[in-house]
Structures are given as structure tokens and as C-alpha cells.
Amino acid sequence: MQLSFTAQQIADFLKGTIEGDPTVKVSDFSKIEEGKPGSLSFLANPKYTNYIYSTEASVVLVNNDFVAEKPVKATLIRVFNAYAGLAMLLDMVEKSKPRKKGIEPMSFVADSAKLGSDVYVGAFAYIADGSIIGDNTLVHPQVYIGEGCTIGDNTILYPGVKIYPGCKIGNNCIIHAGAVIGSDGFGFAPEGDIYKKIPQMGIVIIEDDVEIGANTTIDRAVMDATIIRHGVKLDNLIQVAHNVEIGANTVMAAQSGISGSTKLGKHCVIGGQAGLGGHITIGDNASIGGQAGVISNIKENAQILGSPAIPVKDFFKSSIIFPKLPDMYRQLNQLEKEIQQLKEEQNKQSK
Amino acid sequence: MQLSFTAQQIADFLKGTIEGDPTVKVSDFSKIEEGKPGSLSFLANPKYTNYIYSTEASVVLVNNDFVAEKPVKATLIRVFNAYAGLAMLLDMVEKSKPRKKGIEPMSFVADSAKLGSDVYVGAFAYIADGSIIGDNTLVHPQVYIGEGCTIGDNTILYPGVKIYPGCKIGNNCIIHAGAVIGSDGFGFAPEGDIYKKIPQMGIVIIEDDVEIGANTTIDRAVMDATIIRHGVKLDNLIQVAHNVEIGANTVMAAQSGISGSTKLGKHCVIGGQAGLGGHITIGDNASIGGQAGVISNIKENAQILGSPAIPVKDFFKSSIIFPKLPDMYRQLNQLEKEIQQLKEEQNKQSK
Amino acid sequence: MQLSFTAQQIADFLKGTIEGDPTVKVSDFSKIEEGKPGSLSFLANPKYTNYIYSTEASVVLVNNDFVAEKPVKATLIRVFNAYAGLAMLLDMVEKSKPRKKGIEPMSFVADSAKLGSDVYVGAFAYIADGSIIGDNTLVHPQVYIGEGCTIGDNTILYPGVKIYPGCKIGNNCIIHAGAVIGSDGFGFAPEGDIYKKIPQMGIVIIEDDVEIGANTTIDRAVMDATIIRHGVKLDNLIQVAHNVEIGANTVMAAQSGISGSTKLGKHCVIGGQAGLGGHITIGDNASIGGQAGVISNIKENAQILGSPAIPVKDFFKSSIIFPKLPDMYRQLNQLEKEIQQLKEEQNKQSK
């Protein structure tokens, strides 16, 4: 937290009510099971309830409906939703940190590039000809921004982000270290035994409020654009191929990947290491489980799992049977023999 | 396109024939379903045929055998193969772009490094002692080239590529941002409870005409070399372990990985997120599907899928049955009961 | 090797015994099947035994119990364990290489940062305010070390490593190019249709003797720390989510991933492309196979495979049956018909 607040100040900020000493001070956060004196913790998940009676945390956020069954040493702050309250506090602390601005020496900003007000450009960052950087945007050290890119306001490019020429990034975006935006799509035409490169002339468009994880890669389109709609959240090490479109507020977990020209709807949830084939359409609100392999269109609201993916309930039902396969195989062959014997016996009897 | 051509000029270049206004000008590419006036589009996939009657694109490349069933507003250029024609046009435009050359200030080139003619070295690039860079090669900003590397002619190293000491890259290669060439192989000898590092003394050799995707990693060999043969195309986020050899003109889709000492033949196709075990051999022209897990040698021309991988037809046939497993399980147990009853009845009758 | 040793010198170093010419010199390593004159090779795996009779290597390390069945041209050095002997030699050569030190121009070291003795800081590296770098540590070009980080002694940060503010790295660690340590965990709270970011206030702690592969990503905790215990070895392109803890001497192969808050025990082995769900516990010495998907707690010493993962023996037994599913399905339906006929026949007979 690197700041210090009394329980009363926090309760006022969160519009909560205090039980215990309102003057106790906290200057750090901790998990309830590892709570240290001088720290603030929270209880949101009921399976951690027992820890509230033994935690050393000085202040604990709890839901309004929490009922203590034993004495609690910590000062409690009751709020409507303890987890949301915690997020508000973390956010407040985050925003109180000083924000860098100014252009550090040993950075390269092309004469024809345009920087908004209060921009930060770290050392060893490279901003090429004709690029435009919006107000309050942070371009951390070792970032590369190619020719003719547009970056919006209040966006953070963490160290080492690489943005190829011509790409457009919106406002309030966060792109983590090592992410690559606008690399060539994987497009080759077979020509006898060899593959001839099809130049990738399009760009990547990233709308507002998008977060992109560390070392994630998003390829530029063959022509037109690969598009990441507003509010999308991508985790680390994700692959987004050329001409993909990801609908607004869709979230994808780490190491998942999308093949070329596939379109995802809004508000989908894609699990870790899931893979989506090319040229397919995923409906709004679809949920695709971890390690799923998707090779055909998926309807909105579908919940699928497995490779190839099937409805999640069906997948789990069949997965429970899978370890029984060797027994089923033996049983089936045994039954076949018994039926053969039954037939022979019946034949005898019928004579 | 950032250039402007008349339909006539394009038809001449592609040796095609014109239907419509030969003087109409285009200065951009577009997909047929999103075609804009002043742009050139193409029709190669029959499932997009309907769009040709409504597209706003000024010029459309079509195959010689295309037969219009309704009036078409755009000028048509008939060619032998519309997709190949498009690739030729994209290529021509790509090659007309000015190519950077010269050494930017704030780059580091060791005194003992040798640069060919017309090399570009971007700011914050680092070229260490004894490295040799071929003619016309582009070393973009923030690239690292370790001691004693050799890079061929006409090769492009995009921003942030890292090449460890001693590695050799051929001519006409393209290595995308964030790729790492020559990191240590994952080699450890267990020694009681701990793992002792086995120094990785080999290198990586990349032959001519290889393309390597963003954030892909290729480890150096324990001794000798990890080898990527000519014409290989690797997508993004691929892992190539130590002592692997990838045969000429093999292509690998994103997020696939190869374990140590495995040898791939020529002209193989590896799907996205596929994983190959260590110390195995994959024959020429093998096709390994997305998310496949390969743990044994694979013959040439084989087509496999699944984890562990089996012939692709078998995999799909069994995958269709997989969701029926719970029903099969119930049915099997039901049949067992019925057989028991049949036996008992038969026993009664036989008495 | 870039050095030159006689067979006698090597035998003395390894406490081995010589058969053949003790004065022959070697200056390189080679694999036995590709052995070149002037190089040293080794025979550890019996399946390569045949090569010892034809190898051109000048010296071959063999196990004490090796019995030649034909004449061998090379000088043999007999040691207790040929593979361990090789590792010792590789290690000795590695350590004899000159180690860089000093601060290169065009690097950035904040005034408030503290550097130990004999530290190397490469050009275009960035060391932010308040960071502390231990003795003999190598900070290669283009590395980023954020505010308030602590890096131990004898640690190597390869080119382009990015370490976010506040993280702690131990002694004798090796972090390969492009790895990202301390990026934000993937934490969002749904708020209507959108996802609100939960600031990630924790850090990453990496203990001693840890190796981290190229382009691997390790996220910082929401609060407290993501912890990598001593001796852990992570391969390339691995994802470690926020609040994960990896126990001492656990090894993970490339492209595997761990979801948030999961705890791995000591001395586990995780195969390539395996995925571990969130909030689970993996016991000590567990072995999780390649591409496994783990969604529940795993006991110590367990060996599991598949997605969802089951005991490895069960997985292979069922995998053998999987391709027989279409036949089983037909057979089952055939048996059902035959039972129906048997019943009808029995009914007739009983009348």
C-alpha cells in the first residue's frame, strides 16, 4: 500500500460500518490466512471463514451478512461486497502512485511523430515516423512503435512491447511486456515443393479498454485488419492469427490460440490452452473450456469442452467412462461368447 | 497499396483480360464482402461468389472460368488463378516499399563485427564481437546478435529478436519480433534431490528462406547444432528444443512444440498446439493435426491426430462415438443382465 | 571447447583410466555417430554402442564396465559414469570462458540503484530506481529491471529479460532471453457486461538456483507473492499465473502452464504443454505427463496423464481401446439384436 490509513478512513471510503477499534492503522494488504499486524485483509470466500478467528491482520473487510461465531481480534469493516470493496481499495492505492511523464534521454522519437500531453517515453524506446501517441500514455523502456501507428490516451505499453507499422491501439489499454502486435500473418501459397510468402498488408486494430498479456502475439491481417474489440482481456502467451476478430468484453486465458479469420462473439470466455480452428464463428457468450479444440462454428451461449469440443456436460459424462474402457472391452467380448453359447444351447433345445 | 494503378496496368502485369472500364484506378486492397470504391478485391473461394454482385470494390480479380449470373458493377480482371494473382500483386507492392539502410545512432556494433553492403542497423540494436551480417540485411531496433553469429544476405530481423552467440542464420530469412534463437537447451542431470545444469555448448543453424514467427524459441544444441532446414516456416510461440532437426519446407502452426533430439522430415505439416515427444523421427510429408500428441516414430505420408496420436480417420471415427460412452456403458450392463436372465430361463427349460 | 587438452589431462581431471594413445589432443565435443578427428565423444546409451567401432572421434568417454567386442580406433577414457563425466567436462569448459564485467555505455542505471562488485550491465539495459544487483551478476543488453527489484549474486539475465518493479531474484539464477517476471496477474471482476481490473499489488519471488526459459512469463500476485522455490527449472514459453507457488527442485517442460493460486510440491515433473487449473494442490514428487489437463488436487508421488488427467497406466490402457470404439459400438448394437432374437426364440420355446 505504501500509504497508511485508519480503519475509519477506509470505512468512510467504502461506506462501510466498523466493529472494533476505528483508529487502528494499516499500511499493507495480506491474505487472511497469512495476515500480519498492520495489514488489511478480507473475507469473501466462505471456505476461508475459520481464519478470521486467528488472523493477525489488523483490519478485515467482511460482507454485511457475516456472523461471527467466536471472538474476532481484528477490527471488522462491514461492506456490501468484501471482494468489490477490496478491488476499490487496490484501485485507489494503484491510482495514488506517481505516474511517470517526460521523455528520457537515449530514447528515439522520430521528428514526424506526435506526442500528446504528459506522455512518458522511457530510455531505449523507439517511436518511428508518423506515429501518434495520445495524452498521458506511458511508453516504457525498450518499446518499439513502428511507422504510422496510432496509440490512444491513458494507455500503458510495458517494457519491450513491439508494435509493427500501421497498427492502431485505443484508449485506456494495457499491453504487457514482450507482447507483439502486428507481426505478419502465417500466409503461404504452396508452389511445388516450396511455400511462397503472401505479403501481409493489413493491420491490427485494438479498441479501448483492452488488456493484453505478456508475450502474447497478434498478427496483422492479409488485408484489412485483425480486430480486438473494446473491453477484451487477453492473458499471457496467447496467439491471435491474421484476420481474427474478437468481440467486445471477451476474455481469453493464457496459452490459448485462435487460427486465421475466425470470429469470436461478445462476452465469450476461452479457457487456458484452448485452440480454435480457422474460418469459424463463435457466438456471443460462448464458454470454451481449457485445452478444448474447436473446429466448427459454435452457437451463442454454448458451453463446450474436449478436443474436438462437445457440450461440457457430455464431455464430463464420457470422461468418467473413459477409464472403464478396458473393462468394457473385456465385458463386451465375454458377452459375445455367452450369447454364442446361449444360441448353441437354444439350437440344441429346439431340435 | 499506397500506390495507384489502373485496371489496365494490373491486367498487363498479371497477363489477364479485362471486362469493364480499363481506366478505373485502385490504390488499396479489400476483401470482397467489405470492398470499398478505389480498392481491388478478388474472388477465389466459391462461397463468396454472391458478394461479387454487390461489392463496392472498383476492380475484382476472378478466375478465367468465372461466369457472372447477374450484372457486376466492378471491372473484372480474368486470370488463370485469382489467388495467385493477388499474391503476385501483394508481392509487387511489398517490394516497391523503400528498404531502410544505414546505421542509426544509439546502436551498438562491435569493432570486430563485419557488416555487408546496404545493411540497416536500427537504434538500440546490439551486434557483438565477431558477428558477420550479410548484404541488404535489416537489423531492426532492439535486436541482439551475440558474439560470433553469422547472418546471411537479404534477411530481416524484426525488433527485439535475440540471437545467442555462435548461431548461424541463412539468406532471405525473416525472423519476427521477440523470437529467441540459441537459448540453452533444457538439459539437467539429477544429482540426489537437485538438478545439475548440463552446459549447452552447441549452436542453432537456420538455413535459407526460413520464416520464424513472433516470440518463437529455438534452443541451442548440447553439442553440434539444432538445425532448421531451408524453406521451413514456423508460426508464432513455437518451441523447438535442443538438437532438433526440422526438414526442408516443413511448416508448423502456432504454439506447437518439439522436444529434444527429435527429427522431422521434409515437407511435413504440424498443426497448432501439437506436441512432439523427444528422440523420435517423423517421416517426410507427414501431417500432424492440431493439439496432437506424438510419442513414437511416424512414417512418411502419415496423417495423424489425437493425444496419443492415431491415424486421423480413426481419430474422427472414435471421436464420434466418444459422446455415446455413457449410453454404451448403460447398454452393456443392461445386456449383461438380460443374458443372465436368458441363461437362467434356458437352465429352467433344459431341466 | 575452444581449448585443447590431451587424453591424459582429461583422464586426470575425471580420475579415469586410459586405453590407447594418452597424448592425442582434442579441442571440441561431438556426438559419437558424427565424431570428428580432434573431438571428444562419449558412450552412455547402449543403443549407440555400434558407433564406437566406426567413430572418427579421437577420444571417447566410456563407462568402466564397457567391453569392446571389436577393435576401437579412438583412445578410450574409462570413468565411473560417462554421462556425468561429460557434464563435468562441459562445465569446466563453460567456466573457463571469460566472464563479462563493467557497465557498457548507452545503458541506464538509476542513481539510486546499487550494483555489487564485478557486475556486467550491457548496452540498452535499464536498471530503475532503488534496484539492487548482487556481485558477479550479468545484466545483458536490453534487460529491464523495474523500481525496487533485488537481484542476487552470480545470476545471469540474458538479453531482453523484463522484470517488473519490486520483484526479488535469488543467487545463481539463470533467466533466458525474453522471459517476463512480474507482469500483472489476470484478475478482473465482472461488473455488468464489462470486466474491471483488480490491481495486482504483489510481487514475484524467485529463490536461488532457479533457471527460467526463454519467453516464459511469471505473473505477480494480487497481494503477497508468486513464489518459485530454490532449484526449480522452467523451460521455454511457460505460463505461471498469479499467486502460484512452485516447490523446490520441481521441473516443468516447455509450454506448460499453471493457473492462479495453485501450489506445486517439491520435486514434481511437469510434461510439455500440460495445463494445471487454478486453486489446486499438487503433492511432492508428482509426475504430470505432457498435454495433461489437471483440474483437481493430486497426491504426492502420483503419476497422471490425459485431459482430465487420470493415473498414467489407466490412461494408456484406455487409449489403446479408444481406436476400437467404432467396432465396439457396432458390436454392442449387434449383440442387443441377437439378445432380442434369443428372447423371442425362448418365448416361443417356453410356450
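Should a chain be cited, it is by its letter among A, B and C, assigned in written order, with residues numbered from 1 in that chain.
To be clear about the criterion, a residue touches a chain if its C-beta (ideal position, glycine included) is under 8 Å from a C-beta of that chain, and two chains touch if they have at least 3 such contacts.
It should be emphasised that the depicted structure is a prediction, and the values quoted were computed from it without experimental measurement.
Counting the residue numbers that touch the partner chain, chain A and chain B have less than half of them in common. When the CA atoms of chain A are superposed on those of chain C, the rotation angle is 120 degrees to the nearest 5.
The centroid of the Cα atoms in chain A and the matching centroid in chain B are 25 Å apart. Among the residues of chain B, those in touch with two or more other chains are 106, 124, 142, 160, 178, 215, 237, 255, 273, 291, 307, 322, 324, 328, 332, 335, 339, 342, 346, 349. Chain C meets chain B in the complex at residues 1, 29-31, 34, 83-84, 86-87, 90-91, 93-94, 104, 106, 122-124, 140-142, 158-160, 174, 176-178, 209, 211, 213-215, 231, 233, 235-237, 248-249, 251, 253-255, 266-267, 272-273, 290-291, 307, 319, 322-326, 328-329, 332, 335-336, 339, 342-343, 346, 349-350.
Residues 106, 108, 124, 126, 142, 144, 146, 160, 162, 164, 178, 180, 183-184, 186, 188-189, 193-199, 201, 215, 217, 219, 222-224, 237, 239, 241, 255, 257, 259, 273, 275, 277, 291, 293, 295, 306-308, 310, 314-315, 317-318, 320-322, 324-325, 328, 331-332, 335, 338-339, 342, 345-346, 349 of chain C are the ones touching chain A in the complex.
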